[in-house]
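These are the structures, in C-alpha cells.
What follows is subunit A paired twice: with subunit B in the first complex and subunit C in the second.
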Partner chain A sequence: MKLKLDKKDLKPFLQSLMDEYNLFAPAQLAEGVYVFRKIDHPDEVDLSCSNTQKPAKEVFFPQSETMFRYEKAGKQHQVTSAEEVERKRVILGARPCDIQAVSLLDEVFLGKEYTDSYYINKRNATTIIGMACGQPLSTCFCSSTGGSPFLRKGSDLFFIDLGESFLVELLTEKGKSFQKNKFFKEAKPEEISLAKAIEEKAVQKTDASVPIEGIEKRLDLMGESLFWDRVHEICMGCRVCTYLCPTCHCFDIVDEGEHQQGQRVRNWDSCLSPLYSLETSGHNPRPSCRERTRQRLMHKFSYFPTNFNKVACVGCGRCILYCPVHFDIRKAILWTSSKRPKEFDGGMI
Partner chain B sequence: MVLKKAYVETTDRMLRTLELSFINEEDAKAFRFIPGQFCELSVLGKGEAPFGIASSPTENGSLKFTINKAGVLTTALHHLEEGSEVGIRGPLGNAYPIDLFKGKNVLVIGGGFAFTTLRSLIVYLLHPENRNKVKDITVIYGARMPGLLLYKEELAEWEKRKDLKLVVTVDWGDKDWKGKVGLVPNVLEEVGPASENTYAVICGPPIMIKFTFPKLMTLQFPNERIYTSLEKRMKCGIGKCGRCNIGHLYVCKDGPVFSYAQLEKLPKDY
Partner chain C sequence: MEERLKVIQDRIREKAKELLSNKTVDLIIGFGEGSLPLRTTIRFIRNPGKVDRLIWNSFCENNLSTYLHKLSQSKVGLVVKGCDARSIIALSLEKRFKPNQLFLIGVPCQRMVDRRKVSKAVQGEILQAVEEGDQLIVEGEGFKKVLNRNDFLYPSCQVCVHRTPIQANVLVGDPVEESPLIKTHPEIIEFEKKSPEERWRFFEKETSRCIRCYACREVCPMCYCAECFVDSSNPKWTEKGLSPSDLEFYHIVRAYHQTGRCSGCGACERACPMDIPLTYLTQKLNQDVKELFNFETGIDAEAPPPLSTYETEDKQEFIK
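For the complex of A and B:
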C-alpha cells in the first residue's frame, strides 16, 4: 500500500515529528539561501527550494562541532566529551544526491581501522526522509555518478512532491515504524501514476552523459599533465566548492578558550587552502593552486575510488552552480576522456 | 600524562626532550608501541600535534619526545613545568618493519631533529634481547652544526661500541669539531655501505630524503629495502580529517613509514 501526506497536514505532521525527534529540514537563512537546520517551529521549514546551498551532511558532520569541553579542577582538568546525541533525530527533505553522499561519508567515518563516534552517533540516531528531485537543475548530473533524482537508497522514508500532496514510501525498518502515522493516508491510483510520470521526466532531464566510467585509471596517468595547469589557471582558490560539496569531509581541529577552561572543536577545512598542508617549518608539500586543485579532483576521482571503489562525487552540481569563475567539473571530467571535444585542445576547459 | 623531566638538547635551545609518564597504571600497561610510531600530544587551550616517539619500548618507565620549538603548541610544550599535564593519543601509525630486519644488516640514515624515531629504533636494536637478531648496524647521522646534534651522550656511547658503526657529520664544523663535515647524502656515498642483505632506513628533512634516494640507488639498494618515515601536517591521526594524504594513502594510518617501492608509485606530495 502506498501512502500520501496532504500538504495541508504538513505542519501538524512536522509538529508531531518535533514532539518525538529533533527535526532538521531546509529553512531559508536569508533571501534565496537555504540550509538544513534544527527546526524550532514548523513554519521555519521551507521545501520550495530546488536544493539547499549547504548539503545535508551538516546534520551528521556539522561545520563546527565541539569534541569535548575541559575545565581545570584542582591540579588536573575535568574533560567532558560531547560525542553523545541527546535526542533521536529526523532529517526531512534531503535530496537523493545528498543521501548518496552520506553513504560515502559512512565509508570514511565508519572506517576499517578507526570509527568516528561523533559522526556515527548522529548517524545511528537519525531517520532520513528523502525528497525526490522532481525538477533537477541544468547543473545536476547525479545520473552520471551512479545516482538518480529518484534514488531511494539510503532513505528510510521517501517523499515525492505531487503538488497538493506528497506520495510517501516507507523503505526501511525505521521507515516502516511510520506505517500507522495518523497523517498518512492511502494514495489513490492516479496519484501513484502521477508520481511515476514525474519520475520519468526528472530522470530524463538529468545529465547522464558525463564520462565517469574509468576516470580513476585515466587520472592515474595524468599526474604531471598540462591539464592541471589549465585547471589552476582558472581556479582562484576560494574553496566554496569544497565547503558546499556533500562528500568533502576534511576538517581541522582547534582548541578554543584558555588553559583553564575551553573546548576542542573541529571545523570544516578545505584542501584548496594553502594553510591546509603548510607545515610549521614553512615547508608546503602542495605549494601552489596547481597541486591543490589536482588534490581535490584526484581525491574525488582517483584516491577515493582506490580506497572505497566509488567516486566521491554525487553529481549535485553545487560546485558548478556556486563557482565564482564558472569552473565546471563536468568539463574537467570530459577533458580526461576520449570524448574530449577538439576545442579543449586549444586550452579551453 | 605528566611531565616527569625535560631537558634542552641543542645549543640553540630550540630542541627539548620531554619525558612523560602515565598518570594511571592501567594506561601505562596498555600502552604498547613499536619504534617508528607516533603520538598526538596536546596542551589544553593550545592544541594538539603529532610527534614521533623517541624512546624505545625496551626502555621502561617514561615516554620520550624530542620537540622543536616552532609554533604555538611546541612553545607551550617547551614552557611546561615538571608535573604539568600533557594530553596524549596513541600510539598511532605503522612502524619500522623490524621483523623484516631479522638476520639482515641495518643502515640507519638520519638528518637533523628527525632523528627521534631513529633513536628509538637504534636503542631497540641495541637492546641485549634484540641485538643478535640483526647483523651489522651502521648509523649515519648529520646535523647542520655540532651544537644541533641530538642525544650527544648516547652518540658518544655508541661511538665506543664495537657492534655498531656510527658516522656523525655536520654541514658546518666549528673549531672543536673533529668529525666529518659534509651533507648526509654525500657522506653516505663516501661511506658506501654494501647493499647486499641490507635494509636502509631514512628519516630527515624532505630535501635530505630527496637527495638520499638516488645515492642509495647508486649503491644498488632495491626499492623494497629502502624505508623512510614521512611527516605531514596532521590533525586527527586516524585517516579521517584528510590532510596528510599522499595519493590514496594517509601518512597517519598507512604510514608514517613507507618503502621507496610504495612511494615511487605515489605523487610527490611530501
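For the complex of A and C:
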C-alpha cells in the first residue's frame, strides 16, 4: 500500500516528529540561502528550495564539532566526552544526491580500519526521509555518477512532492515503523501515477552524459600531464567547492582554550588551502594551486575509487553553481576523456 | 547581442591576438563563456588562434587583477574594467608586480548585472539569457521575461564613478560618462538609519551564516598576505570554528584591512556563496577615507593610501 501526506498536515506531522526526534531540515537563512539545521519550530522548515547551499552532510559531520571538553579540577584534568547523541534524530528533505553522498561518507567514517564514533553515533540515531528531486537543475548530473533524482537507496522513507501532497514510500525497518503514522493516508491510484510521471520527467532531464566511467584509469596516466598546469589556472584558491561538496570530508583538529579549561574541536578543512598540507618544518608538498587542484580532482576520481570502488562525486552541481570563477567540474571530467589529454590547453575549462 | 558590447568584444579579441602574436605578452587573461546563462568564466589564452574564446557582456563580474599574485614570471595582458584598473594602481603602489609586466586592455564598463538578483526575479531556473540594449531577456521552462538591466545592477556598480579604466594601455571602447546612477550605496543608506545596537544586530545576523570558505578573501586583489591573520596559529588571533565572535572578528578585520586600498569592485560580495552583504562595510570605509583624507583608491599612481603614510600636519595628536 502506498501512502501520502497532505501538505495541510505537514506542520502537525513535523511537530509530531519533533516530539520524538531532533528534526533537521532545510531552512532559509536569507533570501535564497538554505542550509540543513536543527528545527525549533515547524515554520522554519522550507522545502521550496531545489537544493540547499550547504549539503546534508552537516547533520552527520558538522562543520565545527566539539569532541570533548576538559577542565582542571585540583591536580587532575576532568575530561567530558561529547561523543554521545542525546536524542534520536530525523532528517527531512535531503535530496538523493546528498543521501548518496552519506553512503560515501560511511565508507570513510564507518570503514573497515577505522570507525569514527562521532559520526557513527549520529548516523545510527538518524532516520532519513529523502525527498525526490522533481525538478533537477541544469547543473545536476547525478545520473552520470551512479545516482538518480529519484534514487531511494539510503533513505528510510521517501517523499515525492505531488503539489498538494507528498507520496510517501516506506523503505527500511526504520521507515516501516511509520506505517501507522496518523498523518499518512492511503494514496489514490492517480497520485501514484502522477508520481511516476514526475519521476520519468526528472530522470530524463538529468544529465547522464558526463564521462565518469573509467575516469580512474584515465587519471592514472595523467599524473604529470600538462592538464594540471592549465586546469587550476582560473582557481582563486577559496574553499567553496570543498565546503559545499556533500562528499568532501577532510577535517582539522584543534584545541581551543587554556591549560585550565577548554575543548578539542574538529573543523572542516579543505585541500585547496595552502595551510592544509603545510608541514611543521615549513615545507609544503603541495606548494601551489596546481598541486592542490590536482589533489581535489584526484581524490574524487582516482584515490577514492581505488579505496572504495566508487567516485567521490554525486553530481549535485553545487561546485559549479557557487564557484566564484565558475569552474565547471563537468568540463574537467570531460577533458580527461579527450583523446589528447596531454596537450590540454585550458580551452575547455 | 547588443552592438556596443559586440564592438568591445571584437576589439578585445583583436588586441589579444595582436599582443600574443607579437609576443608583447605571454598570455591574456579575460572572460569566457560560462556553462550557465548569466555567468562567465575566466580564460587564460596563450594561443593567438584562440582569442575567439574571449567574450564581453554584462556578467564579466570578476576582478582579474587577483591573478597577478600567482603570475610573477609572466608578461600578462589583462582585461580590466574601471574598478579592476584601480586595483592595479593600488597594487602597483604596494609593489606587487614589475614595471612593464602588464598590458592592460581597458574596457569602459557598462556596469555589471547582479545574477542573483535576476534569478530571484523569476520562478524556476533561467536556461537562457540575452542582452538587447537595456533589456535583459530571460527564459526558462514555461516562462519568458523581459527585464530592464538597470534594475538589476550590483550596488557597487550603481555608485561607480570610475567606469573608464585609468592608465590602461589601450581602451577598447569610448570613454563613458562618469556619473553615478545613485549617490550612495543603498545598503549604506539603510545601515546609517540604524542605531548602533541595530547596526550591530544586522552585522551579527549577516555574518552568522559565514562558512569561512574565505572566498571573499581569495578573490580580493588586495588580500595577498603570505599568512592571513585567521590562518596564523602562532600567535593565534582567532579560533577556526564557527563561533559568532570569531566570524565577526574575521569580517571586521577583513574590511578594515581594506581601508584606503579597496577599489570597490565588489568581488568579495559576488563570491560569497552564502550571500552575505560585504560591500556596505568596505564602501562605507571608502566614503570615510574620501571625506577625511580626500583620497580615492587607485586614481593617482603616485599617491599612497592615507593609512600607510603621514604628514606633520595630520590632526591626530599621536602622530606628533
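Operating definition for what follows: the second predicted complex is superposed on the first by the 339 of 349 C-alpha atoms of A that agree within 3 Å, B and C clash if a C-alpha of one lies under 4 Å from a C-alpha of the other, contacts with A are read in each partner's own complex, and residues count from 1 in each chain.
The rule is simple: contacts are C-beta pairs under 8 Å (C-beta built on N, C-alpha and C of every residue); 3 or more make two chains touch, one makes a residue touch a chain.
Please read these numbers as outputs of a predicted model, since none were measured by experiment.
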item: First (subunit B), second (subunit C), both or neither touched by A:V254; value: both
item: Contacts of A:H77 with subunit B and subunit C, given as first, second, both or neither; value: first
item: Which of subunit B and subunit C A:V35 touches, first, second, both or neither; value: second
item: First (subunit B), second (subunit C), both or neither touched by A:R330; value: second
item: Which superposed partner A:C238 touches (first subunit B, second subunit C, both, neither); value: second
item: Subunit B versus subunit C as contact partner of A:E164, first or second or both or neither; value: neither
item: Residues on subunit A lying within both footprints (that of subunit B and that of subunit C); value: 252, 254
item: Subunit C partner contacts - residues on subunit A that touch it in the complex; value: 29-33, 35, 50, 53-54, 63-64, 135, 137-139, 230, 233-234, 236-240, 243-244, 252, 254, 256, 265, 267, 270, 273, 275, 288-289, 320-322, 324-328, 330-331, 345-347, 349
item: Complex contacts: residues of subunit C adjacent to subunit A; value: 34-36, 39-44, 46-47, 50, 53, 62, 66-67, 70, 116, 119-120, 124-125, 127, 206, 209, 211-215, 217-219, 231, 239-243, 267, 270-271, 273-276
item: Residue numbers on subunit B that touch subunit A, as the complex places them; value: 23, 42-48, 70-71, 74, 85, 205-206, 231-233, 235-236, 238-243, 245, 247-248, 253, 267, 269-270
item: Complex contact set, residues of subunit A against subunit B; value: 70, 75-77, 108-109, 111, 113-114, 116, 223, 249-255, 257-260, 262, 264, 266, 269, 271, 276-281, 283, 285-286, 291, 294-295, 298-299, 302-304, 306-307
